[in-house]
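Everything on this sheet refers to the single structure shown next.
Letters A, B, C, D and E mark the chains as written, and numbering starts fresh at 1 in each.
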Amino acid sequence: MSADAAPPMVEAIGLTKTFAIPAATLFGRARPVAAAVDVSFRIPRGRTFGLVGESGSGKSTVAKLLLKLEAPSAGRLLVEGQDIFAQTPAEELAYRRKVQAVFQDPYGALSPRMRADRIVTEPLRAHGMDRREAEARAPELLRLVGLPPDSARKYPHEFSGGQRQRLAIARALSVDPALLVLDEPVSALDVSVRAQVLTLLREMQQRLDLTYLFIGHDLAVVRYLSDTVGVMYFGRLVELGPARRVLRRPAHPYTRRLVALAAGDAPLGAVRLQGELPNPLAPPSGCLFRTRCPYADATCAARLPEMRLAEPDHLVACHHHEAVAAGAKAETGPMLQEA
Amino acid sequence: MPHGEPLLAIRGLNVEFGLPARPVRAVADADLTLAPGEILGIAGESGSGKTTLCAAVMRTLPRTARVSGRVEFAGKELLSLPEREMARLRGRDLAMVLQNPMTSLDPLYTIGNQLEEVLRERRRGGGAGRLGSAVEVLRRVHLTAPELRLRQYPHQLSGGMRQRVLVGMATAAAPRLLIADEPTTALDASIQDEILILFRELRESAGTAVVIVTHDLSAIRRLSDRVVIMYAGRIVEEGPTVEVFRAPRHPYTQALLASLPRIEEEEVVLQPIPGQVPDLARLPPGCAFAARCPAAIPLCREERPRERTVGERHRVFCWRAGEGAA
Amino acid sequence: MARFLLTRLGQALVTLALLTVLIFVLARLTGDPTPLVLPSEATEADRAFFRQQYGLDRPVHEQYVVFLRNVLRGDFGISFRYREPAFDLVLAAIGPTLQLAGVSMLVAILLGLPLGIAAALRPGSWLAATVRGYASLGQAMPTFWTGLMLIFVFAISIPVLPSSGYGTAANFVLPAVTLGFYASASVTMLTWANMTEALRSDFVQMERVLGIPRRLIVLKHALRNASLPIVTYLGLQFGLLLGGAVVTERVFAWPGVGQMLVDAILNRDYPVVQAAVMLTAVLVMTINLVVDLLYAVLDPRVSRS
Amino acid sequence: PARAQARPPLTVAIGTDLITQDPCRIAGGNDYFFFANVFEGLYGPDENGKPAPLLAESHTASPDGLSYEFTLRPNARFHSGEPVTAEDVRFSWQRAVAPETRNPRASVLVANIADVEVLDQRRCRVKLKQRDASFLDNCGEYWYIISKKHAEAGGENPFDRQPIGTGPFAFVERRVRSYIKLRGFEQHWGRVPAFGEVTLKIIPDDQSRVAQVQTGESDIVTNVPPVLAAPLQRLPNVQVVRAPSFQNIYIAINALNGHPGLRRADVRRALNMAVDKAALLRATMLGFAQQLEQPCHPDIFGCDAQVTPYGYNPDRARQILTEAGFDFGRPLKLLGQGTGRVPQARETLQGVAAFLNRIGIRTEINMLDYGAWISVYGARQKDPSVDMVFANFTDYNADPSGRLLRQVRTGATYSWYSNPEIDAMLDRMNDFASIEERRAFVRRLFARLHEEAPLIPLWTVDSIYGVGRGLSWKPTPHVSWPVLWNVRRAS
Amino acid sequence: MSAAAGERPGDAGGLFGGRIRAGAGRPPLFATAICLLLVVAALGGGAIAPYVPDEADFTAILAPPAWVEGGSLAHPLGTDQLGRDMLSRLIAGARISLLTAGAAVLAGGTVGVALGLAAGYLGGVVEAVVMRVVDAFLALPFILMALAFVAALGTGIGNIILVMMLTNWARYARLVRSEVVSIKKRDFVLLARVAGLRPLPIALRHILPNALTSILVLGVLDVGRAIILESSLSFLGLGIQPPDVSWGLALAEGRTYMTVAWWLTVWPGLAIVLAVMSFNALGEWLKAGFDPRGRL
């Protein structure tokens, strides 16, 4: 990463978020669930940070923290060097202009009772622009994302999924944000529509010098947009590095599986993950992946692996990555029992 | 490739929704055959009628649907079968896995209860010999700790586990035909693979024919013998999987395959299909894809393309298919 | 379990505390009881004595404190009118009301569930249309009207049932049908809506394609799933029947708490009003608590993590 | 034949439950029905409603009217079997005025008793503080004779447990708000009922109650509203029995502080002329009432004065009003009862309003529930925003003093009228030793009141009973709560 | 441009899904006609009634309807116990019945919605307080409130409305709160927060419009309920008071004449039944249209 004097757009330092799950169980007692633990990364201005990982691994939690929809349990989150959880109301308002978001579900993201022009200009209005002026900017915003100007007067249900996602992007762009949080923005879309939206996102980034936090399941898609990639497993970052390197030569056994599966042309059944998913309410000791890791041994059950440099700029949290990379580690199968 | 008497033969199937004055033809003039033990993949744009087609075969369409045509299963015409007999076929000879695994199990009963219920029904149908116990069914779908699972409720299982339970139920009696509607969409890549492997095993062990509907083209490529591509309610291309993926003949199939992310010189390349899906209630007179087709000629907009055979069991509905790939 | 119960009990206590204020204020809103309790011959001294005897001459907030203190001891005071402990009077009346509400509920369920299910199974049929008509009629007919009609038909024209009164099993029929008919209307609609939804759910589709017999699908799966909101509603409805059956009780001379409450309000008999409302409120809240527990039994998602 | 000896049961449907079983705490309402059947006084109404000796066999009054000597019947017994003694009579008075009992009704009669002397086992002397011509009349309903022994032995509330009296029916059991069971008292001194077990069912709703006699579930229903009586008459198995009552329906006029015009007697007379009572009675009461020209029924003592009825004369009424400079611009505010203790209360007031409208007076009706209504009607300070009140007043007995003192005396509970001349006459009313002298005086008083027109008398409603065909019964007239002892099986 | 493209059945996102149709299919014709008729009657009131509705005519008491023996065309639906024209009373009654029911529902709805919105969106102490009060009101017998207020304030139309409002609002508050709790977790609300909107605009612009359908449906169904409620109050003598006339009052007053003059109860009874059925049918239709899952 470049050693710019200016602070990076985003810097997360030891970010942790635990949820208490109370009422989900009528008769149980509240138990903490760690959704994100000790997550640290930086996103330079104008770049994309891709976040991948299994369902429920805490990707959206990181996104929500960045959007200030949740407050962290520990750790700091700096945007342009400023801690976003220590802001005055005025600073917060300014911050709200700087950061916008697009979510996964194109059906749920738009108020079904609002017209397109009001949807895309709502952030402007929230930041004090008067209605006439704001709505005058609607056609321009719609054009920006490739929607015809006559769509201004339509309601969300009159748009297709891909078009809705465009609307959501137009709205996010309306206040000239510097940072866009994209939480699986294309997962719900058809292959062909997905391609449309992705090209649009890339084009916008280049045109407006945007910084992206991009969350996705599809590694090819992540790779298409991202400069840096973080891999999460059960709340922790297990691998972090330049997108190409991580996705071509993964260091962590979990990432290896992901990449192998995503390759897609491997014959059916060639790559199989064994073992059990860890229970978030009673996480295993040591390395969280050991219950499914083919290389697990006693060390893994005893100690939590630290993030270590695998290569320059490429961090991995695995006790055995050198041995595995060298092909020197034999597959022992997952460790299901406690050490 | 299995030959002989087809297991399933769909002839001129039409399914309409909405007001008769302004019908939505979710499936139009579909012709399709399936041999015993064959695996068929169906892909296509969202809303192109894939689910509707499957539901028509299972006769589980909502009452508002108007169905015409013929669906023959092992020589029986299904559409005119009394509901009683149809119910007897379901589950035993014809089974289906629905689109959404998260909600396809009754949340109020244990897995064991629901599985037993299915098994009881199968035994009554006379399939007793090959059934085995509930535990065995779960073991067959590679579920860990099956005894425990039987005592658990659906919400205590992950999506992948539920999906496997459903597949186990649907395949308990080794049906002759299994229809799986997007069985893997909601799943992790790793679990996705598990399910596909299961289908393969089922065909191998019991000779079950499988129809799999999915957006995931790589799943189709790896699993199925034959593939059907649908667009706007119509089958636009059908052929052996290898051949269609190698040399797609319909411009939509070509565009669909091209829109998958591709890696060229270390860069990921995307090629979206321009334009929008047409409104099913207001289809143009000619080819529905014409408006987005780079190879469209005036004829495409005026007249609906006829079927054209371009290889062994490979047919395509495109005026320009004969001229070689566009 | 314990935690849930404690939370719910805590909430119920807060609600009860609020209720004491509401009830106290509402009772006093009705006006001065003196002219109603004392005959017109009463002298000013008689009136003053009466007020002093029941503490009505003290400032309202003091009266409230006294009331609260007594309630905490389970003492709701002496009825102005009957000069008996209000609580005993109400206790005697709550039995008949509970019985009537229970039987009506049963009638409502026995009528409403099958009708709602039948209509849900055959959308758009004449049966569904009939059920809709039935339910609308049930909602639209004031209970006094239904009750009087039933008396005319089944006690006078075809004398097979007692017209009114309380005591024997036969006495239950007409009032229970009157109330049950009214309550069954909403039970029908609710069952219909929830059954329709349950029948549309994915697991019902799944069971269909698995060849599970229709009877099982409907009765075992769809109905149980549909019953969750119905159970909640029945709890509320039961509360409504407890406090709201006044009209029916009156028409059928049912010695229940609803009628007693009306009489007490009309006679400004504060202690009885307060006792009656408190007791029904506690009952209503208890029933809703039971319903919540029942819900947890019916729905494993709630009870098992 | 042997079985016919056992006396049959009787079921009566009544409208409201008892408030108390203790005769010293009597509060009103239906309680009288119970007390009249289970208890007795020294005097009381006979079968024709006239005061007659009950527990007393005879009496003599002193010439100054301040002392009465009663002789008890030798065969008068309590339900417990004990004979009634003079000591019991004295005790009954003492308990009625005892501060612990504090019965407001005691003020009417018992308060005027200075002392009761026991002369011997069967004789006693009652001394009055003031001369009171209505004393004997009032004896019946305010001075129920109770057993000293029972009262003193019975603990805290002896009558709540077991109300022992001397009446033709003895208490058996009661289920609150459901029924009261009595039994015919065979040892009664004279009025032995023809029935064994008597059940008083409590059925509050009029229609449901009337249905009881139609279905044969009850033999008698009380308080049949006129509208339900009419169709009942046509039924083969039911007879409608009516008896004149003393329940007076009238419109009180606010002559104190309401519409200024109402302070003039000529205006009030004109209002009397404006209402077609006969038509209103036919329409609302379907004939089940006795139209009144004076403030009370002619059977009331002294209320038989020959006065000229106002008649229905709207033109004359309007003319008088115009001449009197009546302010037609200000509407008259009418207060009525919304919850029915009086049959057809709403219709009656609406009818009156309609007649007033007809002569050009605008009206505003305000209906209140009984409690709110009585708070306004009986308030010490009369509400100036009320001009007329629909009211009912039930005479206790044939003596008019009780009601006149409440209805028209200055400052009385229900008086919306004030006139020193009338007040002076009222003060003198009971102070007569000679009945004839008193009658002449009371007639004069009523004649004056007719001229003064402090109210618009309408009618006395009939007590209407539905009685099964198998029974014959002539209810005692002029009592709202008849004794059932004379119900007989029709032969 | 395709409206339905990408739209899948069951994908409409539940209660507030993308697809908003004004009702499912055609509106119920008969019900709509009845409702229109009622509105006309209510608006026209005395102007279209042939007689003054509370004018007594002692020469024509209890005249039967025109087609019954003894009836005349002067009073097509007959007259009541004071000789008042039934038709005129029905028309005048429509006004008061609908006014009281409508106003009660509107007022109760407004208060309930506002409090439910506040409770659901703000949560915390506000929610705790409001919901406990709601519980308390739901546990109070309706009849107590009605009687207490009527006894205290008298029986004017305003008071009847007030009473019905007081007995109604809690149900709305409860409904709205539960709606809000689920809506506020939806993406578009989160995104509105991301956009920098403050609580009040979010509540009013994003949450309320989406809860509106169920509120509306409850409201429409409630109008019928309120008419019945008012008639029950009249039965107890505490409803609308003369000279005002409502169907409930007419029914309650006329019920003693049931055996003498059936038309006194049948007409108002019929009016109530028709009105309630029509409102319910309209409500059902609205609900079916707004809510693909048909939740109550």
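In this text, contacts are C-beta pairs under 8 Å (C-beta built on N, C-alpha and C of every residue); 3 or more make two chains touch, one makes a residue touch a chain.
Owing to the predicted nature of the structure, the values given are computational and were not obtained by experimental measurement.
*Asks:* What are the mutual neighbours of subunit A and subunit C in this structure?
*Replies:* Intersection of subunit A and subunit C contact lists gives B, E.
*Asks:* According to the touch definition, list the chains common to the neighbour sets of subunit B and subunit E.
*Replies:* A, C
*Asks:* So, comparing C-alpha centroids, which chain is the farthest one from subunit A?
*Replies:* Max centre-to-centre separation from subunit A belongs to D.
*Asks:* Which chain pair shows the largest tally of C-beta contacts?
*Replies:* C-E
*Asks:* Taking each chain's centre as the mean of its Cα atoms, which chain lies farthest from subunit B?
*Replies:* That would be chain D.
*Asks:* So what's the Cα centroid distance for subunit B and subunit C, whole Å?
*Replies:* The answer is 52 Å.
*Asks:* Where the centres are mean C-alpha positions, what is the separation of subunit A from subunit D, in Å?
*Replies:* Chain centroid spacing, subunit A to subunit D, equals 88 Å.
*Asks:* Using mean CA coordinates as chain centres, what's the subunit C-subunit D distance in Å?
*Replies:* 39
*Asks:* Could you work out how far the Cα centre of subunit A sits from that of subunit E, in whole Å?
*Replies:* Averaging C-alpha atoms per chain gives centres 49 Å apart.
*Asks:* Which residue numbers or ranges of subunit E touch two or more of the other chains?
*Replies:* Within subunit E, residues 1-3, 5-7, 147, 151, 236, 255, 258 contact more than one other chain.
*Asks:* Subunit B: which residues touch two or more other chains?
*Replies:* 46, 276-277
*Asks:* Residue numbers in subunit D touching 2 or more other chains?
*Replies:* 207, 339, 369, 371-372
*Asks:* Using the touch definition from the top, list the residues of subunit D that touch subunit C in their complex.
*Replies:* Contacts found on subunit D: 19-20, 25, 27-28, 102, 104-105, 107-108, 160, 175-178, 201-205, 207-209, 211-212, 214-217, 339, 369-372, 374-375, 378, 406, 413-414.
*Asks:* Enumerate the contact residues on subunit D facing subunit E in the complex.
*Replies:* 206-207, 225, 227-228, 230-231, 276, 279-280, 282-284, 338-340, 346-347, 349-351, 353-354, 357, 365-369, 371-372
*Asks:* Would you tell me which residues of subunit E are touching subunit A in their complex?
*Replies:* For this pair, the touching residues of subunit E are 1-3, 5-7, 11-13, 16-20, 186-188, 190-198, 201, 205-206, 209-210, 212.
*Asks:* If we count contacts the way the header does, which residues on subunit C are in touch with subunit B in the complex?
*Replies:* 123-124, 201-203, 205-214, 216, 220-221, 224-225, 298-301, 304-305
*Asks:* State the interface residues of subunit C toward subunit E in the complex, per the touch definition above.
*Replies:* By the definition above, subunit C touches subunit E via 11-12, 14-15, 18-19, 22-23, 26-27, 29-31, 132-133, 135-137, 139-145, 148, 152, 189-190, 193-194, 196-197, 200, 229, 236, 239-240, 242-244, 246-247, 250, 258, 261-262, 265-266, 268, 273, 277, 280-281, 284-285.
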